[in-house]
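Mind looking over this structure? Questions follow.
Chain nomenclature is as follows: A, B, C and D, assigned in order of appearance, with residue numbering initiated at 1 for each chain independently.
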């Protein structure tokens, strides 16, 4: 969705998600936008609006076009988004004979939103797999420490004897529900955006429905039958899902940070971070980062909800706000998945040591 | 859920929701908590833990108990929540012979969370009906103004001629999806909370599952099989749903405020508010309030997501945060429904007047 | 500022602030608004726009007027705010001969914003005094436990031996800075609002400056020379100050909750809350509530900042958002002050017991 | 502060701030951290803890060290921050004879926080200059359009005739106050961080005060006399200031977007953005982006306030949250300054055309 959505360098290593950041990179986004433009050209051919070979030739030329990203940025600074500049470059790159098959009837929002959805589709497949991996580590931990005594703590106070297994089960439970939620969200989110300039499909040569069906098949997306230019609720739902995921993982991190305290001594973690000043320390770095990522996601979810106020037929303000917020939300949720898996993999023991007594 | 969740007086009249505020009042919450305690007593009888007549007598006494709300507040100030004080009052009110059927095995969170869910169940029925009413007004508006010319506006600029019907349809579409989302959310949210002190159901006399089934039937809730003491994701999902609803209605308000501007003149609204200084003015008050409510909800959604970090077996911090945030979110969403219905009912015309020309 | 800004009943006892809620009650707000109207009448007399005795008589009649709050709410529901209805009631209450000295030239925002500032002025005096009390308790704790050994903990891990005094000093330091910030904020915030219908003072009978000076003296406020109808930055600064205050107190709460853990045992607190299920427990309720209040404030600060986007000469949307958010922010900050003082008063010991060893 | 805090590519061109992003780049941050380490070495020499020539040689070697950023990222992934890895690289790079003058007594937080402050100091100088430029453009606009008639609009409705000059003055006023606020904030924010591992300065060879004074002079920062490891209120104040700035500029953008509407026609702006579908359109892109940036900042301010809950002597969770949030806040505020200047420079006329009539 953007050129560099996530922190890079050491901060990306600490609290970022290189895979998700790469999927959201400008280069990939350009590729996705070209893929949408090409699918549109093909669909124009399929419905007979342009000759099939012209459509095919245009699609090939579009997908093979070399985009000048400096020019793209310069144009975007004026236009407020990259599509007009991208289309200008495509117009220049394609022979004029192919122009009837290029972008004609489409609008910027169709291209950008569909390109975003293509990225989201892949990212969500990845996240779902990562949730599965976190669940698998939790299942192994549960098998290992199921009956290990653990003092339950409520309101930050020792409550009653419990087992580590009970806490691990509580960690795992929301993850399964998040998978269910994802399954429900997907068809609402992974939809073709196709509406033309004002979202009515009136610009689509009288064949909006047919074009949309062709594109949806080609891009492996739902065809919602109408544009969702000004209905951003699927993105808000995604934002909530990402933050719920980060929040559930943040709770695991918070619990482990509390368990790893000296005096509580209910978790041994390998691979804690070092201190520049205290050689004896091993910090439960991953646990703390999970807490930070959950808070970050909880803050950002607000930003996407604010963008629901998408006035009239297209709101540049709300749309831009989405671009500013969504990448960080995606990378923080992704980073939380990575950190949770790593932290849990490093667990050497869970459960109270013999020194810990019930109150 | 709380004593006075929503603003009262003139502000409640402006941006509150009296019905939802009443449903969340302290008086109703106490009634709900007593209902949960009584259902528990009955269930203890049903599973044979106490004699059936003792259970029945206890339940009757509980539901009929007069609660001293001043004492409740005094105790809550110490305990951080009302249940310990409530149970103390019940202990004093019930003859000692009934005490075995009173609260024994239950924990505060079971009572408060289930009482909350009882309120939510009713509020959501009401909200769904109100969504239906907003949809009905929109349908009538669509019938009346379907073909009225309206200049589509994108990025705050006149774009291409459109119809009022197209915009009204765009207003209505997300509401239908919100109903679908609600149907999916309900079984995850409207669940009995039953876990005992540390959420494991171990305190429930070996009959946690049976007790839960009896209570769930009596209270008309789902029985999830486990406690959700520390998994607050259903509340986060609810928060997101409420904010999505308020956001979709806020977009309608924003659009109407823009349409009602002099010079744009694309909406005539009856019942606008007056000015204390300018007798000629009629302000599209409801439209602006919808925008405010949507922003309020978008801000508050963050608070519920932060409460996902519910550490260990019970977090007083995160639980308290829910109490501080959720009532305002519910009343703002409810107020948005009421304001949207009223505003749309007052629409006298939609569509550009003859003076408005395409660019 | 509003009819019932803070949670009432048990929740107010837990996490509210009765004093601040009372100061923000509808009754007090009406009194403040009448005080502003009366000061305006007097000023009209003082500058010679109406005869002095008429001005005086009007002011007396205004301050003595009985306001029908039900009618006020009904009117506010239409007008989006209470002032037009209030002025209607005053018109009906005052003999027509006094009408020239009533509200003529003033606008709703002048009345409401100035009334708000009158409430804020008193609340901030109270808060400053409470900060002083928290500082005094901290100073006493420092004297008592200054040299008590305490294991410093960084990144949730034991670091190096320290003293309780060092931590107490760290708790106190930001409070002194908050007092400095408050001193800087006050002249920017506690300003008369006087602009007339569009904020230009043109409606003020050619004597805006003189009227403003008279009112400012009478109300003990700054006279900024211009209206601040659409510049809400002083409120955003206040919001930040309140959240900084709640945040600094939340850190104290978080620390004490961690210190009170079994196994850490670095704090003994009297007056912890009870559990409805576990008689042995004493929960550090105040500590957790401080954390909740800090998060609540941090979330709400966003809402006031969003209201900076106060479009044109008066934004009903942004103004309404302030009313929805500011009362909760004030009461949460106030509650944090009360809870902090109470929690720290209850500290029986700070510092590691003999069983706690350095790593 | 981070490797890539701001969006890059086209999105940086649209809504980013290349200058601020560059100042926050990983390369610059490493340079700043080395500068802090070198200043510490020099101070160790100045106070006589190490020989002066050793100190000087160490400082030179530190500032000239080539840092392997890949290794830095790898280490940071483990340690949760870059300083331990940085110090490892410095240890390897410096001859062992210089090691007594390297980092001994310092802690990671001293290095990172002071490096951050060095960046902030420069960024704030730049921002202040840019505020001045925005004010200058506003002054020119005021001179040009001071008496141009403009219908004042309150609550989104035409109110009374006004002048463009009155609105421009309202745009400018908060900027002057923000400069005052900045002057007050600076001494609280631009402070040396020096505390050693647990913030007490006990590790500083008995010469913490003297070392701090030397470093503060060398780095041109305040010496607060104590560490502010766990008191993050100056950063929260900065966050509020940045968001107030973005909010005031967002109001200008919102107003201009409303003025540029067809039918309102109260602003002509050069350099609007194009549409990929509608050749006739000129979108007030900068105006909308200002609204988006203001909302972004208002959302992010919450994140920095949440980080006030900096538990114990160092919170990895809260510190990490600052790193995730602050860069975006800085770049959004910076982008708002740039966009505001550009938008206002492009204003060709302000004020109602002859066709606009009072209601």
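Everything that follows uses one rule, which is that contacts are C-beta pairs under 8 Å (C-beta built on N, C-alpha and C of every residue); 3 or more make two chains touch, one makes a residue touch a chain.
All figures in this text were calculated on a predicted structure; none of them were measured in a lab.
Farthest chain from subunit C (centres taken as the mean of C-alpha atoms): A. The interface holding more C-beta pairs in contact, when B-D is weighed against A-D, is A-D. Spacing of subunit A relative to subunit D, judged by their CA centroids, is 27 angstrom.
Centres computed as Cα averages put subunit B at a distance of 39 Å from subunit D. Taken residue by residue, subunit D touches two or more other chains at 80, 153-156, 159-160, 197, 257-258, 273, 275, 278, 283, 285, 288, 291, 295, 299, 302, 306, 315-316, whereas all remaining positions touch fewer. In the complex of the two chains, the subunit B residues touching subunit A come out as 80, 152-156, 159-160, 162, 166-167, 169-170, 173-174, 177-178, 181, 184, 188, 197-200, 226, 228-231, 233-234, 236-237, 239-240, 243-244, 247-248, 250-251, 254-255, 258, 291, 294-295, 297-299, 301-302, 305-306, 308-316. Against subunit C, in their complex, subunit B makes its touches with residues 2-15, 26, 69, 72-74, 76-87, 103, 105-108, 111, 196-197, 203, 257, 271, 273-278, 283, 285-286, 288-289, 291-293, 295-296, 299-300, 302-303, 306-307, 315-321, 323-325, 327-328, 332. Of all residues in subunit C, only 151, 153-160, 257-258, 260-265, 273, 275, 278, 280-285, 287-288, 302, 306, 356, 359 touch subunit A in the complex they form.
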